[in-house]
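This report refers to the structure that appears directly beneath it.
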């Protein structure tokens, strides 16, 4: 075509005009730290595995969990999922049901017998004392890194407090066993009925290069109550242990549980299942202050457990207990009022917390114990070279998830130690807080309700109370994830750029800015649903 | 084929023979008969493969034409007077974009006061628009010029305006020789656009051009018109070879060879002038006439060649540059620059005022004696004009001049002041 | 050159009459030019149209100033417009009326004209009878053919065929023929008188 | 608007793309092969809503017509920033003629295509609100009335931005422009003037009329697709914020385009042959202040002594739209 001068132009010729020079600020793709990941004691990359799960890539999602935590099926039941409390979606409608999806993935793995292979052998050997969640977690991570691991366990079964203090209705044993079995299948040796009384001796006996101690806090705290009669006073930890061993437990008649933690409720709920006439939890502060998880309290109340808060038991009489009413002072501390009343009781169960038995460390040079806990640095190293400690015996929240996190952390440290390296702490990304999100783009999607066993059926047996998500529901929940701070390839930046200055690299490859043309308007930043684009000033 | 028909209809038939593909129509006298006839031909199926679009204004008519032409269709429209002015912006645009649209202008005066009769004010107001403007002397030439116009327009990728006097030609029944389709097809090849909107080869037409290139664009438009000066005589010669008659060209000299007085004019008045020239020649006067067919591009060299042997030039034009005098005359003066000739400007036939043979006789006789003002208003009613001027000198007031003139002429019933 | 001026009112087919006259002349091998006195007149207003007939190309574009023939389609115009302006002394006058020149009060005026070139014909009546509408233009052309001999009745009939079709054409042909016969009869009387 | 049938997905139909959807169900803008009809290097301001709207609409039309498309552009920002010699940003056959004649030029192009038997080639005319609702209105109405096969797209940024932010007949009440100063008793643009051209388009009973906003991409694209599935005169009125003219932050372009809809100030609907056939139900209704406050052109309504009455009148306009078009859905 013989085109008229200047009036008629060849298409696309404006590419010669590099409008990027107009820019005073530039957009940059970032990965921010999702609040769920930030919150997870086990350090799970929750957003990442939900991202995989929402595409139906369940095995990959499960493997993503397994990079941090070898117990998705256990976590999906006993974890108190503080990630959900932190979830940004909570402000929009309701938090994503992370825990339910995790259980789904864990169960999928068991159903399809997905396995994790041990790493190439390093020739190093590590001793782990205690086959609870911390010890097993540590053993697993070490095995993945190719180290030979021997776990010494004093009980006749592995699982620690998950087995011995969480009733079956919360933690079906076949799942627990399956997840432990998977670790054993990786080559981890678990020696049961092998209590360690002298750690130095054990280390010397087993000839290992490093040690992780996670023996747990299994000794119920006792309280000497003035007693004038025969009301049996039992230890909650022992009851739960007996339950696990299917030994007879005297939870009949009117069962009074003294304490406000999860263990107290586990006992109270077990009492309901065993046919107690009454199951009453007595706690000296308010219900809000109870350390037990909300869901635990809620489910207990649904099952008929009753509460008496702001009460201390002061005396055990003949079929009755004397309780004093408490009041909160200005600081929120309970104070005596002198007012008393009586509670009819068949059995009193003390659930006042547990202590660790740290006798095995007494002869270890450099290991210090204070207030019943092992002193460790931020990397869980004890004062003794080559010895790490974790789980309930170190100062931290006491729950399975924290313990699993300890196991992983210790394993990483041990691995670095064995390789003669110093582990560099990864830079912690900026938090993907709600203000960085543009939640308009997420469809309205209320949370899926996990099926709950009817109260009538629950109270008559030890069937699992909280049901599973079916696949559709799990997928739905996974897809409710907003992928906070991490690009999920929604194409918004690619679409909303008035200057076509975003290059789409293809599925899974995310995007790049074309700074030749980006004018720095910031629309992509405003409209990024998940806050994965940052704005930085240009050097002028 | 010879036939006795109305000028408008003859033009419509000629346009149809050119196989137009898009025709836009908006009614305005005295152009309406042309598009009416074309509309009938399209609707009746005589003109196949043609879109006839009834638009809502002349501005739209030219705009539709711009779109159609840019998309590669042979496009035609017609207008007059206020219509041409209403589309003025688009008229310039069509030329600027180099779109070979052909348009008939049935020449008519411009208001206020509103006047539907003939003069050349409309066409001449568009003299700088970049369009080629050809003026027809007769209905025969009018229809011939449309055939030439399509050829010229498409060769140069420029729009062409064929001007024919409103009513005097458009509504006159005359004998015309209507060409055969085969003749027209031989003369006018299929339209091959220079630039076209087509998804197969996309371009952007109508860029914004800044100071860095605008002068060049304008010069190229000028150069294209100069190119047309070469092409117009060639196309007229080819036309004569195929159709067997002279039509078009730059200028039409009539008995100018030894003329001392040469009358220059455009359009149908040339017929009356030729009669007068014949009569005066019979009386021994050395007078001739020069018809301008190509007003734009201005055939300065051809005009100069025709008049340089004469003693005087009388430009009779149906237009007035208010505050200056002649419009055509200014162009003719430019052609004459350096020549020592008397030049007279005669403003005649405004708003349909008949140009009478008797008046022209008197005028040319006076011119022959060099007894003319530089600018003469033919057959002006000086009584009326002077009365108004006298009064306005006495009383300072605003108001419609037209109303006052009518009052003086005695048409309105309002008593005079 | 022979110049005809037609007077009438809007709606009476004045312009069409001039055009048909030019067609008839063309069909007779002559050059002809028909033009209206251009305007935007509405129904009922006075209207003028012209027709020139010659043996060579007609270049003249001025209005007909000195007609050789006048066709007056509406006698009421006689009192409104100077219809006779410029009429040559040997010119033709044809008026659409049932009355005579005397009855129209023109007896004195036409005294100086050649009697065989004067005629009246009830063209509106003929049009109503044959066409069904009061359009006197075509019958007047028939009358003009008869009075002037400048065009033939056949040419008029052919011109009608170019402008009209079907029943309208047939009616107009009948009306024109009737007018032709009437005027021929009358002028013959005059000639023979 | 055509509902996108998807089960539930993370981002539903609100984001540009969705990796969980089949390619055919994703937006045109999500497609790596989108035509980028308006290419990089154009000279629109940062965050220009019109540049965005034009690419959204034309890309969708390109997809709908398999790239058999010609665009006619009225004078205005879009034209000036896209085609300054020697560079054009357009990737399709495109013509600019005048300010007021885009609809008519498009009629001509469509006529040419019809007469040449290339009816697969479709025509779009486009312009700003000045070129559409004011100076181009005559040609637009003529094109509608003749039912010419043209989709006319108005990019409404509520003023003459190309010439320096003057008032148009699409400028909303109380807004400041350079010809509606914030002076006198009623600062800014007056109430009770202007026109809503979609409603006027409907009065022509043309096959299709719709409104859209650059914040609702899927809806916008669905409307373009619907329009291109029909023949005859069609009209699409797209709300496109102008950061410069409105005194808004460049990154707020889409936010404003969203808020204007969620307040009810700009109803999203579609109509066929003069009857409303669909409307967008407000998802998250907000008071007009949230929209107004982001724009300096309304700054005189806020500050120390907020113009409560004026804001109330603007809120009443939003409420009227919500009533008139049923924007709250069934629960309303």
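The chains carry the letters A, B, C and D, assigned in the order they are written, with residues numbered from 1 in each.
Definition applied: a contact is a pair of C-beta atoms (placed from the backbone, for glycine too) under 8 Å apart; a residue touches a chain by one contact, two chains touch by 3 or more.
What you see is a predicted model, and the numbers here were worked out from it, not measured in a lab.
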Longest centre-to-centre distance from subunit D, chain (CA-based): C
Chain pair with more C-beta contacts, A-B versus A-D: A-D
Distance from the mean Cα position of subunit D to that of subunit C, given in whole angstrom: 65
Inter-centroid spacing, subunit D versus subunit A (mean Cα positions, whole Å): 49
Subunit A and subunit C, separation of their C-alpha mean positions in angstrom: 113
Computed distance of Cα centres, subunit B from subunit A, in Å: 91
Set of subunit B residues in contact with two or more other chains: 97, 201-207, 209, 213
In subunit D, residues with contacts to at least two other chains: 82-83, 85-86, 88, 90-92
Pairwise touch network: line, ring, star, complete, or other: other
Residue numbers on subunit D that touch subunit A, as the complex places them: 8-20, 26-27, 29-30, 32, 36, 38-44, 46-49, 51-52, 55, 82-83, 85-92, 217, 243, 249-255, 258, 283-284
Contact footprint of subunit A on subunit B as seen in their complex: 96-98, 157, 194-196, 201-207, 209, 213-214, 216-217, 220
Subunit B-touching residues of subunit C, taken from the complex the two chains share: 15, 18-19, 22-23, 25-27, 31-36, 38-40, 58-63, 65
For the subunit B and subunit D complex, residues of the former touching the latter: 21-22, 24, 49-51, 53-57, 59-60, 63-73, 75, 89-90, 93, 97, 197-199, 201-210, 212-213
Residue ranges of subunit A in contact with subunit B within the complex: 1-11
